[in-house]
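In the two assemblies presented below, chain A is common to both, partnered first by chain B and then by chain C.
After this line comes the complex of A and B, so read on.
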């Protein structure tokens, strides 16, 4: 049991990163537009995030340096500050969207006014961060988020064409609109490798006090967590490919995502889906909120950590509270959370190289890592994915403009 | 993503003044496709109501969101200016958007009425098919 509980960090990072409100809609839209054709992109994204999470977990464990320590040291103060500002903007956009997403799901469950539920969501998240120890945040949101596995059961019950599903794992583009296909591919990769996942994961390794004995746990955590996240992405895309594509439905709402579990499994499927979505977007809100506080504290060298009392790390505590309040202020303006997070995914793609390059450099530095520095295989994967990230970062914004924000 | 299109269309309409914005063939086809999508999704939801396989709260809230888009589409299309050759297509699109909007309102008011759900599911499926034909 304790071994299973230890996997909570990877599961929360992956569920928060893979199936936040933007990913839920992005995956469903990808399936409803291109069927199973983009499943291979999720595989590429899952392997990439496993490679870099393992690396940053190892760096945090051995060198006791979470990601933003490495960013400041390797990129210099000026460039580091640019990365900090960019990542904080993306974190804040995502946090606001997740708060809105949580309120939307609560509305679908309780039928109360959306605006009142935004406040309920913010208060609930604030209390959870304040009261719960780090390990219990991981367990509560990570394991409750696993209710989303209902989509995997639902996808099977929809009897998709398994031959076509299998073909989706082989890169191919059977479409008259290649630009739109490329836009979704870039968005899915960006969503899979979104920077706040590694900020949270590496800081979480320090929070949990991992030592070199835990390097095996780090590997298992990154693999199990992100494979689970990827499985949920597959399930959502297959559900949309089987249910929405043949009917010409273009999913726009969080309710449409939940309907994907209701049709094959009935009311119980619907309720499990909504509970799963609630904890996944709640987990993502906590990921982004704490990531923002970790980043700014690590960059300026402040005391940080959920394992410290607020009086021991006051600027860290104030940072996450300020982010939560800013998220609330953004979402109460009435901005659509789904649209906000879709844009934040694309904008975050541009910041990817500046997050992942310092991790690769530090993980490769024997002065810090000693015998735990990257081997040839880790470097080969790291460089290969850095090249992919560069291409994705350069093409994200042009593709968003050329496809009119994915409208085609 | 189409909702962004609807928002942009509504914004363009507002900027063009109360006389209604001009709508080209491509934009009109996109709007008809949105009507088809809304009708098909509403039909799916109505089918679940007919089977008693969905909670009343979910139906009430989700139909509200779908209804906002169908209502906005109906109003935007009704006021938009189109070239003469597209007038009939626009008129039929307005009628279909209106039907979807009305059916969603009925579902919203009677989320537990299985007989009504069955009737609306059949009607919305017909609307979805008509919109699909119209978009071609």
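After this line comes the complex of A and C, so read on.
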């Protein structure tokens, strides 16, 4: 029974931890602009993150190589260092955006100044990382993030045209503005497959001390969690498609997102939505912050991990603190978190192939992986997604420029 | 470790160093080879910013910013090589992990460290 319970608890945490500010912004904006047409892209993105998370978890467990060990080993010191710098920039932008999102929600709840609440959010996150063990961080933020399920209930109560929703899962483009459609498709893929998710997942496998025995359980855990987490993305897009598109609302504020639960469900819905968003973006802020510290420590061979005391891994601890402070400095300038989110997702798409290629290479190395090396299926999916990612990476920035960052 | 055949580029270079207490204490940044025999032999592992100089533009830049010295670990100190390179003694005996030793005072004043 305890195994079943453990599995259920893990899955719940994975669902609640799935959505971050990138998913919130892109799903809502895509829904408000194109209705349900882009639902199929979310499916593609969710399968992609499952394919590479599974591979990263397996490589970290069997070959004992978290992502940035593999990056340095396979791409060499020089290129690896370039990848490190690029991914740290992306991580930092994402972190700043998540912190800004958390502060905006706090502002809606508490009504005091946004800048003061940024500081409150950063201090809160810093204390959480310092005090809580790794598993607790994952669970606390994951479970509280489950409040976002209110959007799934809300989406049903809005009585969307289910025929049109179903049609959204079939790839099609029913629009005169194909550029904008492509921009949102790229953004939705990027939001679902953000690089920090695989950094965090792979280092997390080492933090939790996975062995080959745990591999099956954890794989099931994350796959089911991601699939069910993906339904939250559907719910957000359907809500926006049913609520904002017909009324011509352009959801440029986090508050507009929360309203998506207020209209069908009233004040309780609104509060649950805000709590859900707060913990979803807060959890993602912690994930990005720790990911940045994992990456730099692994690259330079420093002691790392929450499973070590800060005094045993001081450079790791100082790294996440420094990132948190840098994130604070970026967002406190007053840069719009929604805009920053869009930029961070689009830039992260460009860094994706550099993260995924070394993982694919190590996962194929029989010398390390033995019978856990990639089989045909994992390689077919891995190569397919690497190809998609390459195309997306090449088109992301041109599309952002051509569509004026999604403003049409 | 005396006799072991490895692919130097993939099997050794850039691997994690772990001391006898399981402490991560740097990466294999470069290797010192003896090329005087039919097959090259690894004489020592080199660790530290100065050897990054040979490893690309960014490496040169980082090396010039750091004042740390190269640490040379003789191959005879290697206990075993798997996903990491395991050393026989604690890191401090090789003067490895000194960056973490120096950084410790910045965090150890915080309660719960």
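Basically, the second predicted complex is superposed on the first by the 390 of 408 C-alpha atoms of A that agree within 3 Å, B and C clash if a C-alpha of one lies under 4 Å from a C-alpha of the other, contacts with A are read in each partner's own complex, and residues count from 1 in each chain.
We adopt the following convention: contacts are C-beta pairs under 8 Å (C-beta built on N, C-alpha and C of every residue); 3 or more make two chains touch, one makes a residue touch a chain.
Predicted model only: the values in this text are computed from it and were never measured.
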Based on the superposition on chain A, does the combination of chain B and chain C result in a clash or a fit? fit
From chain A, separation angle of chain B and chain C (C-alpha centres, steps of 10 degrees): 140
Counting only touches as set out at the top, which of chain B and chain C does A:271 meet: first, second, both, neither? first
Where does A:280 make contact in the superposed view: on chain B (first), on chain C (second), on both, or on neither? neither
Go through the superposed model and pick first if A:73 touches only chain B, second if only chain C, both, or neither. second
Partner chain in contact with A:303 - chain B first, chain C second, else both or neither: second
According to the stated criteria, A:111 is in contact with first (chain B), second (chain C), both, or neither; which is it? first
Determine, under the contact definition given at the top, whether A:249 touches first (chain B), second (chain C), both, or neither. first
One more residue to check, A:205. First (chain B), second (chain C), both or neither? neither
After superposing the two complexes, find the smallest distance in angstrom between C-alpha atoms of chain B and C-alpha atoms of chain C. 36
Which part of chain C faces chain A closely enough to touch in the complex? 10-11, 13-17, 23-27, 29, 47, 52, 55-59, 62, 82-84, 97, 99-100, 103-104, 106-108, 110, 112-113
If we count contacts the way the header does, which residues on chain B are in touch with chain A in the complex? 1-5, 30, 33-34, 36-37, 40-41, 44-45, 48, 51, 53-55, 57-58, 60-62, 65-66, 69, 128, 132
Chain A contacts chain B in the complex at 29, 107-111, 243-244, 247-253, 255-256, 258-259, 262-263, 266-267, 270-271, 274, 336, 339, 404-408
Within their complex, state which residues of chain A touch chain C. 63-65, 69, 72-74, 76-82, 85, 130-131, 300-304, 309-315, 317-318, 365, 367-368
